[in-house]
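What follows are several structures.
Shared between the two complexes below is chain A, which pairs with chain B and chain C, respectively.
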Partner chain A sequence: MKKWIPIKLIVPILLILVLYIVAIIIEQKELAIDLNQKNTAPSLTHLFGTDWLGRDMLIRTWQGLSVSLTIGIVTAFCSTIIALLMAVVAGANKKFDRIVRWMIDLFLSLPHLVTLLLITFTLGGGVKGLMIGLIVTHWTSLARVLRVEVFQLNNSEFIQASRQFGKNYIWIVWHHFLPHLYPQIIIGAILIFPHAILHEAAVTFLGFGLSTDQPAIGIILSESMSYLSAGYWWLAFFPGLFLLSITLTFQYMGKQVHRVMERNDRYDSGVNN
Partner chain B sequence: MKLRLILLASIFTIVACSNQNIDSSSNEKIETDSLTLAVGKEPESGFDPITGWGRYGSPLFQSTLLKLDEDLSYENDLITSYHISRDGLTWTLELREDAKFSDGERLNADDVIFTFEQAQLSQSIVDVTNVDEIEKQSDFSLKIKLKTPQATFLYLLATLGIVPEHAYNDRYQDYPVGTGPYKMVEWKKGEQLIVEENPHYYGKKPSFKKLTFLFLEEDQAFAAAKAGQVDVASVPITYNNQTIDGMKLLSLESVDNRGVILPFLDEGNETAEGIPAGHVVTSNLAIRKAMNLAVDREELVDGVLEGQGTPAYSSVDKLPWWNEDTRIKDDNQELAQEILTSDGWEKNEQGYFEKDELEAGFTLYYPSGDQLRQSLSIVFAEQMQHFGINVVTEGKSWNELENLIFSNPVMMGWGSHDPTELYNLYHSDIKGIDWYNSNLYQNELVDNYLENAMHAKSEEAVNQALKNAQFNGETGLSAKGDASWVWLVNVNHLYFVHEDLKIGEQKIQPHGHGWPVTDFITEWKLKTNE
Partner chain C sequence: MLTIKGVSYHVSSNRCLFDNVSLKIDNEIVGLSGNSGIGKTTLAKLIARIIPLETGSIHVEKSDAKSNPIQLIWQHPEQAVNPKWRIKRILLEAGEIDSDLLKKCGIKKDWLTRFPHQLSGGELQRVCIARCLISKPRVIIADEITTMLDGLSQVDIWELLIIYVKQNKVPMLVISHDEALLNRICDRMINFQKIVDLEKK
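Take a look at the complex of A and B:
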């Protein structure tokens, strides 16, 4: 039973890892102000150009991405845990299920960005407010998927049998649910990631998220707004492109993971037959 | 995949195009009797002088008793003469008899009295608390009695637009009626204001019969100017190297200043409301003086303002009551270091000054979203780091700054034609009211000078007392004395103006970019008309 990971999956993972490690290294470095090098267009010395204080845009963008990635990872992790907990609670009995369903419907019925804005704003913005906002709003879709899975498992014969043997719900969750759910959990977590990053940038762009001295992509983009009509397109273009690429890379990675897991399933079942 | 490539390519092209001059239609001939302007935001509280309209720029719809000319001296407007009694308490005003409101009614003393009464009732921005009583002498003459002598009352007379008693109601701010050069045609809130010539205006007829004000954001104003849709557009200083065909870029000097306010008291103090006040480092006089000397204001002007500004040495640079002795030679690190050394500060291993295990340093706050103040803060902090004071910057919302300002340095800005502002910024009675004197500065001598200025009987006496308050040869509120601020720069105001339009000499511009340019709008004319 040979399980191999295809190159299509390795490339995006490596890409993001390298990006993140470089970002962490760069973050230690002070962003130098050079008033003689203000607003220069992209060149070999400054690949992404410089801003109105002569700071290198490549370094700023990279630092911004590191903030975004960190927020994305924490959000994806915490949201997934909330989603899993919700699904498991829903599977426990009918009453809990109704409550969980009601909560999922509540969050899904409100426009995502608006809820996020409200929560972030009431918590006073900043990294903490933004993270809590993101975590609280991003668990719903995954929770809905997991809830259905748990529901199906609950009705399957081996779970019924397990129950007949007197195993309690926690034991069943640990020994039966988790092994069955983990593909969904991993894919779900990866797919929350791009959402979280984009929403972080959006909220920050609107001025409710991270504070202006943090090097975040949303900040860079909103700052560049007042320079766009002056013709300094590189201030927005490259950071925007970078953000887009990261998002798409994660999306792609999610897809590849999905395919690998599906294929392994198929492979396993083929062998068993 | 191909589709994606095409998409990407088209994005590139669009971006590349926007970099060039798309539009050349702005060369179009200016319409001879109407103008379109994009000069700043809509006045939030409408066009009622009682609630502050007309403090900056022309009140358009109303006119004032006096007016300020380009050199900030007073000229008669609605009055033909005024007389101040010898004790400075009784002001007799003679009104002109040919002034009519835009609805045709004649203006008389009752309207002036009514205006003052309204200002008293509403307790608004217009400060008339010193007015004791107003007496009507005849239809066109009145006497105003003050509680204390106040030569700065002139400024009030020059900014308070007179409202009509017969047409003043709840909706006045939306439908203003006045004796000014223009009357309202239409106000689409959030979009535009259209005004046309007031046929009853007593003064010289303006050359432009119709004005349209567009309420645009600054970058939209620039885009509109580029498309040839506006004749006058106010733009931020970041646009100073842009050109628009058929328009010239005017850069007006200002007292629109920015500086760092330094908490004056030591840590552990409180405001009257119990908010923590004071800072352990900035309460040290040597530190405040050293920062004033070490900072390189020229670099800030060239680097951050792109040359569109002047170094600021006080909050009143180039105003008639500015004491020119407050100008200091900055970028003088040796002298700054000397001052610190003689006060017992020494550089530690990190390169920062230290005294009794206290490191010289603080967090400098700026309002987030204000890019100019952010840039100034960042560069100022870097200069101080270089000098040996550990300054770090952080952006906060105005709401948060409201409390932080008492115990932390903040990048602030002021600048007004009203001499009272200096009093408000530095007098110990005003501690922390409406952002005034938020560093809780106090100096008995300065207080005395400022009080003298407010109760002086003549303009000259006001100016002299204010000059003494700044620096009297020994001490004062300026960088040579208590140095409770580090004033940094005055920011020029930039306007793109149609090249055929002449707007004449302007006053030195106050805080607030936009409306002040309309000060002399009745005198604007086309070059070709000469």
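Take a look at the complex of A and C:
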């Protein structure tokens, strides 16, 4: 069998990497305010148009991407880890399970945005405060899915057989649970990503998150709200499209990761190696 | 040798499945028969410590292996193995693979790289038996292990198990509905219903 290179996986990763690196580079540049050019529609000189201060929207969007991507990725990653840990702890014994269930209920019983606002406000806002707030509030739904999954595995016969062979819980988690959980984990992480970015936008819109001089996608979107009725559609359309395509790229990447991992489960890969 | 003393199981606080059951198995093959739903499998799980013991005690020779000295072979082999593991990994979970033993169990080399869904029910049950034997059990409990197999596979599987058990002097408890089968392979038969009724009086 030929060595198989997952091009479909490498392309989206490269795409996101390039976007990210370019965003970091152009972040250094200050955007000139040009009041003669304010609120111009998309043209060849300004592909995404300009805003009410005459700043080029393409550069602003791209800059905003770096902050938003960081927030999205870090939140998705950390929330997923917390969700997985919670599910594994809940599976260890009944007492822990009750504690974890209580914590999930506690976080779900409060409105998402209110908890997020409280935590972000308490931590003093900014990227760090916002990120901690997002991480702490976004693990619950995935944790609930994973907890049930662990519960089901715990009661299956092959796990009981594994215990019969003297394997401890940590070993079982690592060797039995993780291969069964990773589809849920990957999908959960990908779903948290746009959620986190949109919540970042919401909190910022309400004035508790990032400061307005920081060019995040959320800020751009919330600012454009007041100009939409005036017919300046490009202020929201292009940044929104950008966010959408990034999210879709992530989703595609997740699907490809799944495919690459599934590849080892094929019969022929084992026979020929 | 396996000694069970005064084992009970309650389905709920006021309904008792069986009470104060005692059994003693020397190096022999003992058949346990009885109608459905009277707790044969539950007893097997209690003996193998898959369900925690309420009352009574279970004594068995100590072994130095990490595995439980009392090993249960399950009724449904496809549920008793991890569907995402290759056969080799499934067998390795119990301990070092002994190619001699695999040959005795009728497991072919090329099965080792396959996944459980790529084996038939009978083949998979052989894998489960081999896995059980690899862990060097002191007692084997076979819970309806050939119910879903055709006659020929049944003969093969019982032959290999009986040879192993006689050679290694391992007591075996065979649970089945099939009294004709039990009559053929067991040294002694126990009707579970009778034990349960006896203790209830």
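Methods note: the second predicted complex is superposed on the first by the 189 of 273 C-alpha atoms of A that agree within 3 Å, B and C clash if a C-alpha of one lies under 4 Å from a C-alpha of the other, contacts with A are read in each partner's own complex, and residues count from 1 in each chain.
Just so we're on the same page, a contact is a pair of C-beta atoms (placed from the backbone, for glycine too) under 8 Å apart; a residue touches a chain by one contact, two chains touch by 3 or more.
The shown structure was predicted, so the numbers you read here are calculated from the model rather than taken from an experiment.
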First (chain B), second (chain C), both or neither touched by A:Trp233: first
Partner chain(s) touched by A:Leu35 [first = chain B, second = chain C, both, neither]: first
First, second, both or neither for A:Pro111, with chain B first and chain C second: neither
Contacts of A:Ser156 with chain B and chain C, given as first, second, both or neither: second
Partner chain(s) touched by A:Lys167 [first = chain B, second = chain C, both, neither]: second
Which superposed partner A:Glu223 touches (first chain B, second chain C, both, neither): first
Residues of chain C defined as touching chain A within the complex: 48, 50, 65-68, 71-72, 74, 76, 79-82, 84, 86, 93-95, 110, 113-115, 118, 131, 135
In the complex, chain A residues that touch chain B: 33, 35, 38, 52-53, 207, 211-213, 223, 225-231, 233, 237
Chain C-facing residues of chain A, complex: 156-158, 160-167, 176, 179-180, 265, 267, 270-271
Chain A partner contacts - residues on chain B that touch it in the complex: 15-16, 18-19, 218-219, 222-223, 226, 236, 238-239, 242, 299, 302-304, 306, 368-369, 371, 374-375, 378-379, 382, 393-396
